[in-house]
Amino acid sequence: MTEIRLSAIEKTYGAQRVLTGVDLAVPDGAVVALLGPSGCGKTTLLRLIAGFERADAGTIVLGGRTVEAPGSFVPPERRRIGYVPQEGALFPHLTVAGNIGFGLRGRDGRAERVAEMLALVGLAGHAGKFPHQLSGGQQQRVALARALAPRPDVILLDEPFNALDLGLRRHMSEEVVGLLHRHGTTSLLVTHDPAEAFATADIVAVMSGGDIIQCAPPVEVYTHPASAEVATLTGAAIFLDATARGGHAETALGAVALSGSRQPEGTRLRLMLRPEQLRLAATGAGREAAVTGSRFKGDHWLVTVTIGGLALDIRAQDPPDGTVAFVTVAGSGTAFPAAGTAAPHAAA
Amino acid sequence: MPHMDRRSLLKAGSCMTAAAILRHGGSHAQAATPTLTLYNGQHEKTTAALADAFTGATGIQIAIRKGSSSQLANQIIEEGDASPADVFYSEETPPLAALAKRALLSRLDKETLGQVPAAYAAGDGTWVCASLRSRVVAYNKAMVEEATLPESVLGFADPAWHDRVAYVPTSGAFLQQVVAIELMKGRDAALAWLRGLKAHGRLYPTNGAAMKAVEAGEIATALINNYYWFSIAQEVGEDNMASALFYYRNRDPGGLVTATAAGVLKSSRNQDAAQKFVAFMVSAGGQQAIVDSNAEYPVRPGIESFFPLEPFEDLNPPPVGPSDIGDAAGALTLVREAGLA
Amino acid sequence: MGLPLVYVGLRAWQAGPAGIAAELLRERTLMLLANTVTLAVGVTAGACVIGVAVAWCVERSDLPGRRWWRIAASLPLAMPAFVASYAWSSVDVALQSLGGAIFVLTIVVYPLVYLPVGAALRGIDPAFEDVARSLGKGPWRTFFTVVLPQAWPALGAGALLVLTHMMAEFGALSLLRVQTFTTAIFQSYELQFDSASAALQSAVLMALCLPPAWGEMRLRRRLHVARAGRGSARRPAPAALGRLVAPAVAGFGLLLALSLGVPFAMLAYWLAVGTSAGSDLGELVPSIAGSLGLALPGAAIVVALALPLVFASVRHPGPLSRLADRLPYVVHGLPGIVVALALVFLSIRYARPLYQTALLLFLAYAMLFLPIAQSALRASIELVPPKLEELARGLGRKPFAAFTAVTLPNILPGVGAALALMVLEVMRELTATLMLVPTGVTTLATEVWSHSNDGEFAAAAPFAVLLVLVSALPVYVFTRRSTEVYDLQ
C-alpha cells in the first residue's frame, strides 16, 4: 500500500500562514496534481510530504507508515520517496549512470538497475555522458529515472516541466505520467498549469490560500467547480448575472440550464460558463448581439460581441458577416451565489 | 550606486593630485637648490643627522637612497657612467675598495684626506673613513657569565655554544671579521669557523635584531658591533640593561676595528658639492654630528663622543686595517662555500 | 610580461651550464627547496582546513551571529603577512622557526580559501541536497557526496592561490628568520646586488611557482563557468550544530583572537612602549604620502590596463584576446622579488630613463596584480550585455558616447571594487617596492620592514598600525561587495 494521507497540516513562515489545515488522500497508484497559483502553498505541501521541512501541526501517513505527527518525525532519507525538482538538479560531477545509481545501495544488481532505468526513459546509450551534455528534456528524464531507481513508495514532482519550452512540455508530461502509470507508483505532481494537470492526473487537487478547495477527477473539477475561485483557477471562465427561474437561469444570453440542485425561484446568482459553451451564428436562435471586433487567430477567429452591457470574446470558424450576430449557450452552467447573498443549495 | 560614484570620483581626484605631487615634488627639488644624491649604507639616523647638519651649513639638499652597503656598491657598478649617485657613504670599507678597484671614484681633495690619520684613508686617495667601530660580543648577563666566554672569537663555533650565539652573515662587519680570521689564522680556520657557526649558531637577519634578541633574553650571545648596545642603553638606561658588551683586548680577530667610509663617484655631475660633503664628514661639525647620533669612534682627533664609549686606547685590536681587508671578495666566497649564502 | 624570464635566461646564460649546475646542486639550494616547499604546503593545508570549516559554519550551520562572523572571518586579510609576523615574532622566540611561520601565516591567509568556498556554498542550489536526501543519504553523506564536490573548484582555486602566495612570501619569513628562496634571493641581492646565484635561485622559484599558478588559472575559469548557472531563490535550511554550538563559537573567537587580536595587542604594546617610537614620527607623514602616492596612481594604472583586456576577452573572444587574458595570470604567479630583480637588471641595461622612476614600480605592480584587477572587473562587465550598447547606438549615440552613457555607469561598481582592491594590494606590497622605489620615497610598508628588520619593534608600530587601518577599509568594502554580488544571484 503506498497511499498518501494528510490530516490537518499547518505551516507558518514567520508571520505568514502558508498552510491552514490541509487534508488530502491520495489513493494507491494514483497520479494526483496539486494545482494552484504561486504562493498558494503547493510547493510547501510537497516539501512537507518529502520531509524537507517539518509541519507545525497535523499528520502525514505514507503507505500506512506515520512519517510525521506531533512529536515524531521521520527524516527524508528514510521515507522511501522519490523527488524530482523543478530543474532536475542532476549532480554535475557525476555521469548519467552515476546520477541514476546515486540512491542505490550496494554493488549487486546496480548496473542492471541503472540500465533498466535508462531503457525505461529511453536514454539507453547515454550512460557515460555528463549532465551538461544533455538537453533539457533529456535531463528531466534522467532526473525521473534517478528518482525511480530505488523503487520508492511515492514520487513527488515539483513543477517538473517548467524549465522546458512549450512544445516539449506537453510531450514530456504525457510521456512521464504514462511511465508513472505503467510503473504503478503513487505520484504527486505540483503544477500551476491547468491544462497540464488535466492531461496528466487522475485526481486534481486545487489549492488556494493555503488549503485544498476541491479535490476531484479533472472533468469534475472543470465542469463543476466547487467555487468561483476554482473555476478561474482551472480555466477561462465567464460570469454572468442571473436569476433562477423555473429550473433555469435567466441571463442576458437567455435561459441557461443549471447543473446541480434546483435553486429557489427568484434567487439571484452568478452563473459560470466556459468560453467554449458560447456559440455564434449569423441567424437563427439565440440572443442578438452587436459585433464590435474580430481577430484572426490562425485556426479560428475571435469575435468580440456586446450584449446587454457585456463584452464577450467568442470563438468562431468564420469571420462574422455583418454587425449583428446571434449568441447561443450550449450545455449547462454552474451557479454561484451572487455577491452579498447567501450560498445557494450546494451540489454534491 | 551614487555612493560608489562618489568614491570613484574621490579616488580619481586624489590619485591625480598624488601623481601631480610626485612628479612636481621630484622636479621641484632639482629646480630650486642643487641636490646631492647620496647612496647610503650607514644607519639612517646617523646619515640623517649628518645630512641635516650639512644642509644647515651649506644649504645644499641631500636625497638619500637607503640600502645595504655591498648592495649599493654593486648597484653603482651596474649603473656605470649614468649612475645617479654623487656620494657613496658605506658602513664598511670593502665596498669602497671594490669601487676604487674599478676606477669609479674620484680623488678626494688633499685637504679632506689630511684631516684623518693615514691608516684611515685609501692609498690612492679615493675614499676616506668617517667613523670607527669595534666588533664585540654582546651577552645576556643572566644567561652567561663573562668569564665563560671563549678566549678567541673562533671558540664560538664550538658545539658547546650550540644555539647560544647569534651571528649575522649578511653584515659587512661580519664579512670583514671573516677576512681578518683568514689573514691571521688561515683560510681553513676561517672556513671551519663559518661551518661551526652554521651548525651551532642562530642566524639573524640584522645586527639590530640580534642585539634586541640578546637584550630580551632570546639568545645568550651575539657577534655584533659595539654601538647597538649603546642605542638601547640610551633608551632604557645603562643600569637597566640585561646585556653587556665584551671586548677582545688580546689582538684577537674578535676585537677587529672596522670603519665606515665615503667616496665621490667619478660619474657624478656635482663634483664640487660632493667633495664639499665628504670634506664636511671629516670636519669637526660633521664628525660631531656622527658621534653624537651613534656610539661610534671619530676618525678625527680631538672629537669627544656623546656616548660613554670604551676608551679607544684600551681596545687593543688585531693588526688588520681597512687597507689589509681591501674589498673582502674572498670572504664572500668563503661564506658561500660554507653554505651560508 | 615575459621580462623576468628574459632576465633569468640572460643571467643563466652568462653563468654557463657548469655554473648553473654548481649553483643548483648546492646543499644550500636543497635546504631552501625543502623549506620553501614545506612552508607552502603546510600553510596551504592549514588554510584549507580552517577555510572550509569557517565557510561551512558561516554558510550552512545555525551558528549564532553568523552575519557578523561572515564579515569578521575575512578581516585577517587586512593584516599583511609581514605585519602579523612582526607582531608575533616579539611574542615568543619559538615562533621564529618554520613551524612558527606556518602557524602565523595560516591564520592570516585562510580567508583566501574561506571566501571562495563560502561563496560556492552560498550559491549551491538547495535542490541538490533535497534530491540527495530523498535518495536516502543522511545530512553528512549529502554534504560529502553532493555539496563538497560542487565547492571543489572554489577550494582548489583558493588553495592554489595560497600556495603561490606562500612561495612568493618574503617579508614575513625574513622577520621570522625562516630561510626560503625568496629570503635567499634578497640576501644575494643585498650582498651582491645582481648575482648569478640570485638569478638562478629565482629560476628555481619560478619553476616552483608556475605550475600552481597555471592550475589556479584553470580552476578559476571553471569556477566561473559553474556559477553561471541559474541561482535559486531558496536558501537551504541551516544544519543544526546542537551541542557543538559552544565549541564552534569558541573556535571562531579563538581564530579571530589569534589572527587579529594578538597582532593588534602587540602593536598597541609596542606603541605604548619605548621612546624610539617618538623619534621617528617625523617619518610618518612622508611615508603615508609615499604609500598613497604610489597606491592611488598605481591602482588607477593597473585598473586602466585591465579594463581593455577584460573587455576584449568578454566582448570579442578569440585566440589573441584569450592569450592576453591568460598571460597575466601566469606572470602573477611569479614572486615580487623576482619581478623586481628582473626590472632593475633590465632597466639598468636597456631602459635607463626608466631606472629608479615610479613608472618602473608601477610596471611591477601591473605585472603582479593585473589578474586580480581582471577578476574583479570581469564579473561586472559580463553583467552588462552588449545589447545595451547596441540599443544606445540604435538610438543615435556615437560608439564612445554609447559606452560612457550606458556601459560605464553599469560597470562603475565593478571598477570601484577593482580600484579598492588594487589600492589594498599596492599598499601592502613590500618586496618590489623595496627594490624599485625612487630614491628618498618611503612607504608605510617599507618603514615597517626596515624598522622591524632592525629589531626596532616600537618604531615600527605606528607604521604598522596605520597600514592595517588603511587596508581594513578596502577589505571591508570588498568583502561586503563580493557577498552582495553573490546574494544578488
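Every chain is named by a letter (A, B and C) in the order it is written, and numbering of its residues begins at 1.
We take it that contacts are C-beta pairs under 8 Å (C-beta built on N, C-alpha and C of every residue); 3 or more make two chains touch, one makes a residue touch a chain.
Being a predicted model, the structure only gives us computed values, none of them experimental.
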Q. For the chain pairs A-C and B-C, which is connected through the larger number of C-beta pairs in contact?
A. B-C
(Q) Taking each chain's centre as the mean of its CA atoms, which one is most distant from chain A? (A) B
Q: Indicate the whole-number Å distance between the mean C-alpha point of chain A and the mean C-alpha point of chain B.
A: 89
Q: With chain centres taken as the means of their Cα atoms, state the distance from chain B to chain C in Å.
A: 35
Q) Quick one: chain A and chain C, Cα centre-to-centre, how many Å? A) 54
Q | Complex interface listing, chain B residues touching chain C | A | 1, 4-5, 7-8, 11-12, 14-15, 18-19, 21-22, 26, 37, 44-45, 63-68, 70-75, 77-79, 82, 84, 170, 202-213, 216, 218-219, 235, 332, 336, 339-341
Q: Would you tell me which residues of chain C are touching chain B in their complex?
A: 26-28, 31, 93, 174-175, 177, 179, 184, 187-195, 197, 274-276, 279, 289, 292-293, 296-297, 299-300, 345, 348, 352, 355-356, 358, 409, 412-413, 415-416, 419-420, 423, 438-440, 450, 453-457
**Q.** Touch list for chain C against partner chain A, complex
**A.** 125, 127-128, 130-138, 145-146, 149-150, 152, 226, 230, 237
Q) Okay, in this complex, where on chain A does chain C touch? A) 47, 50-53, 75-79, 81-83, 85-87, 89, 91-93, 102-103, 105, 143, 146-147, 150, 152, 156
